[in-house]
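Report on the structure given below.
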Amino acid sequence: MLFKVEMTVNPPKDMSPEQFDSIKLVEKEYSEELQRQGIWCHIWRVVGQYANVSIFDVTDNSHLHEILMKLPLYPYMDVVVTPLCAHPSSIK
Amino acid sequence: MLFKVEMTVNPPKDMSPEQFDSIKLVEKEYSEELQRQGIWCHIWRVVGQYANVSIFDVTDNSHLHEILMKLPLYPYMDVVVTPLCAHPSSIK
Amino acid sequence: MLFKVEMTVNPPKDMSPEQFDSIKLVEKEYSEELQRQGIWCHIWRVVGQYANVSIFDVTDNSHLHEILMKLPLYPYMDVVVTPLCAHPSSIK
Amino acid sequence: MLFKVEMTVNPPKDMSPEQFDSIKLVEKEYSEELQRQGIWCHIWRVVGQYANVSIFDVTDNSHLHEILMKLPLYPYMDVVVTPLCAHPSSIK
Amino acid sequence: MLFKVEMTVNPPKDMSPEQFDSIKLVEKEYSEELQRQGIWCHIWRVVGQYANVSIFDVTDNSHLHEILMKLPLYPYMDVVVTPLCAHPSSIK
Amino acid sequence: MLFKVEMTVNPPKDMSPEQFDSIKLVEKEYSEELQRQGIWCHIWRVVGQYANVSIFDVTDNSHLHEILMKLPLYPYMDVVVTPLCAHPSSIK
Amino acid sequence: MLFKVEMTVNPPKDMSPEQFDSIKLVEKEYSEELQRQGIWCHIWRVVGQYANVSIFDVTDNSHLHEILMKLPLYPYMDVVVTPLCAHPSSIK
Amino acid sequence: MLFKVEMTVNPPKDMSPEQFDSIKLVEKEYSEELQRQGIWCHIWRVVGQYANVSIFDVTDNSHLHEILMKLPLYPYMDVVVTPLCAHPSSIK
Amino acid sequence: MLFKVEMTVNPPKDMSPEQFDSIKLVEKEYSEELQRQGIWCHIWRVVGQYANVSIFDVTDNSHLHEILMKLPLYPYMDVVVTPLCAHPSSIK
Amino acid sequence: MLFKVEMTVNPPKDMSPEQFDSIKLVEKEYSEELQRQGIWCHIWRVVGQYANVSIFDVTDNSHLHEILMKLPLYPYMDVVVTPLCAHPSSIK
């Protein structure tokens, strides 16, 4: 079951760059693991923004919620979730 | 070069369903042809909306503009274009 | 799997009240049948608005999409879909 | 008398996680007590958000106001209140 | 139980002034009757707008909904409902 | 001359509850005095919000401005002012 | 007593240019008469818009409302009213 | 060449009232000097807001920009600039 | 004196394509003439939109207003005007 | 390939003017170098705002993203990116 998730990161003003970089590193590993499992299907960077457009393939709503809540950068993110389904014109 | 394009269709009130269906049929063929060419990479339906989320892989801005302007449903669409690029966490 | 769906009806200006009433009657029957099946769990009227707040329990995103697209009043509705999941404070 | 209440929590930046967790614990108990009394009828989590959708059954406007003002997390919440009533298509 | 209701009228473009005036006359009588009953407590005109700010004192949410749905001008109105309660600084 | 004034209070994060309570006490006395003078005609609490809807009867625009600027909570308020006049359907 | 009034004109699609020009002529005369009386103090055109920024000096709210309601173009206008008063830095 | 400029002041939370008052005094003198030169033609206070509506008569865009950037309160202001020109109905 | 002007065209639903094409032809000639005069410095198409971003170099506000009002497509356009001036980092 | 980029700077409240000036100096040099290379084609200041309107000519989306991310002021900016292409009425 597919969802588009758009994440915009607002880096905290009062955290050292080193501390923030270490969170980003954990985030990267977490994302890569979910990509390898086929759950986080796509992640693209939005040009000129500290933001991404992602596609998730999850078992249900709770599955997606759990994944998003565990994002190391979640406390610094605005997240917009859009449920998707097959389009009749898609050839896939 | 990747772009997210979100299209929302506003069916015209004063057109017969048959006429509108025939435009949708041409739209479907146009979309499928671009998908086969690897230009229209993804098209998903937004749940509960007459709208889609699409990913295009084009040579440049003009290429995308030409493709969108030729959409048979373009006169009845709201279109939002977002330029994308590779995300450092993507494993692809 | 639960979703909140908010529907606002914009009655068409150029349809006779009789014709619109007959669509509303089919809508009512369609809604009642889905309620009896336990799919359309709740429907409340928003005070002072031609709008409702509904809760659906569906098998997946596609299931919800199909149900909404078949709403007889769909062409005259604005629809907002919000995916829900269990709240840790819920006693149910 | 029914109301939909949507609550979004903005965790304070300058509070320790322990202190915030202890407020959330009191909030949970407060919510569970009102659920047991049949006043806080439903509470669902919004997927990907630190937010809930709730339905309250109260005696009047003042009753709802008092309940909301006593929410331990109220100072950190955006709250949207929508008065509801019976829908003619509801089978309940 | 008090509610603020703000009503903005959008006169229909395709109705004759005479027909619209006759609806406004019925609206005026309906409003005056509810004012005499102490239900429609206040009605003020917003300066420069075809709009009013009103205060209703009703028995419950359903009572308010019924009253608003019967407004002869309702099909031409945008309506915003805000539940009110006693303010601790009020001397009334 | 009547105005609707809507005030939303944003309590300062960095003030002690005692200090804020003492400002609210002065605010309450200020409001009560203006109510006794017939200038602050109505004040209602918005359900679930730290906000009020008020009606003022003042001699002119400057009079209203002076009153609002002297509100002890003014530095912590969002204020929206709407000029009102008699409604032709009012029976008062 | 001063008010800023901003008026944006939406010319009706279904009126002949001649008919609309004749309404604009009556509007011009009405505006000029109020300017001569010192009531409509200023009227400026917004660059690139079918819109004006105006300053009115009226006796009270009702006076302004009456003037605006009698504008021949009122049915085709969006109107925004802002009450003004003397600024402490003004040398007038 | 005329411009409407609307300025809203957001007093800094972390500055002493004395320090802010001294900036406001310089602002007042700066404004009065420009008024005497006929450049800052009008300044009105918006009722209930820490905001003004001003009209400037400048030689060109750069002239206006320079003037606004030198406002002592500029770092604490939201500024909206609207280019104006003569209105055909103006009798001036 | 420079201005950015953004124009979005809303093609009229009830005009024949031929009639609209003939207006667009006059628009094109009008634009080209102003470009040759160095007044309409730049015009770019917004990708995927029936809209342009333009830069004008005019003598003053009135000059710009006159030019925009004479655009053959003006009645079908939304127009946003932004005054510009030299940037301190520009090397031109 | 052209893009319009609009940048609005929000100077950090807690940085010394000297420190911020030194960042602005590096920003100026970075911008001038890209202008000399023909990549940052235009930069104009928005009148009355700490903001610019810029036109970039880049090889692709990633090129633009890299350039923007390296802006020394990027952490203090709101950035809006709009892809452009040739306009059929342009004489260039």
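Should a chain be cited, it is by its letter among A, B, C, D, E, F, G, H, I and J, assigned in written order, with residues numbered from 1 in that chain.
We adopt the following convention: a contact is a pair of C-beta atoms (placed from the backbone, for glycine too) under 8 Å apart; a residue touches a chain by one contact, two chains touch by 3 or more.
As the structure is a prediction and not an experimental result, all values here were calculated from the model.
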Quiz item: How many links in the shortest chain of touching chains run from subunit F to subunit H?
Solution: 1
Exercise. State the chain with the largest centre-to-centre distance from subunit C, centres being mean CA positions.
Key: H
Practice problem: Pick same or different for copies subunit D and subunit E, depending on whether their interface residues overlap by over half. | Solution: same
Quiz prompt | Interchain centroid distance [CA atoms averaged], subunit E/subunit G, Å | solution = 27
Quiz item: Whole-Å distance, subunit A centre to subunit H centre, using C-alpha means?
Solution: 44
Exercise. Between subunit E and subunit J, tell me the centre distance in angstrom, where each centre is the average of that chain's C-alpha atoms.
Key: 51
Quiz item: Which residues does subunit B have that touch at least 2 chains other than itself?
Solution: 2, 45, 47-48, 61, 64-65, 81, 83-86
Practice problem: Pull out all the chain pairs that touch, please. | Solution: A-B, A-C, A-D, A-J, B-C, B-I, B-J, C-D, C-E, D-E, D-F, E-F, E-G, F-G, F-H, G-H, G-I, H-I, H-J, I-J
Quiz item: In their complex, what parts of subunit E are in touch with subunit F?
Solution: 2, 4, 27-28, 31-32, 35-36, 42-48, 52-53, 55, 82-91
Practice problem: Could you please specify the touching residues of subunit J with respect to subunit H in the complex? | Solution: 11, 13, 45, 47-49
Quiz item: For subunit G, which residues count as touching subunit F in their complex?
Solution: 1-3, 60-62, 64-65, 81, 83-86
Quiz item: Which of the residues in subunit F end up touching subunit H in this complex?
Solution: 5, 12, 14, 61, 64-65, 68-69, 75, 79-81
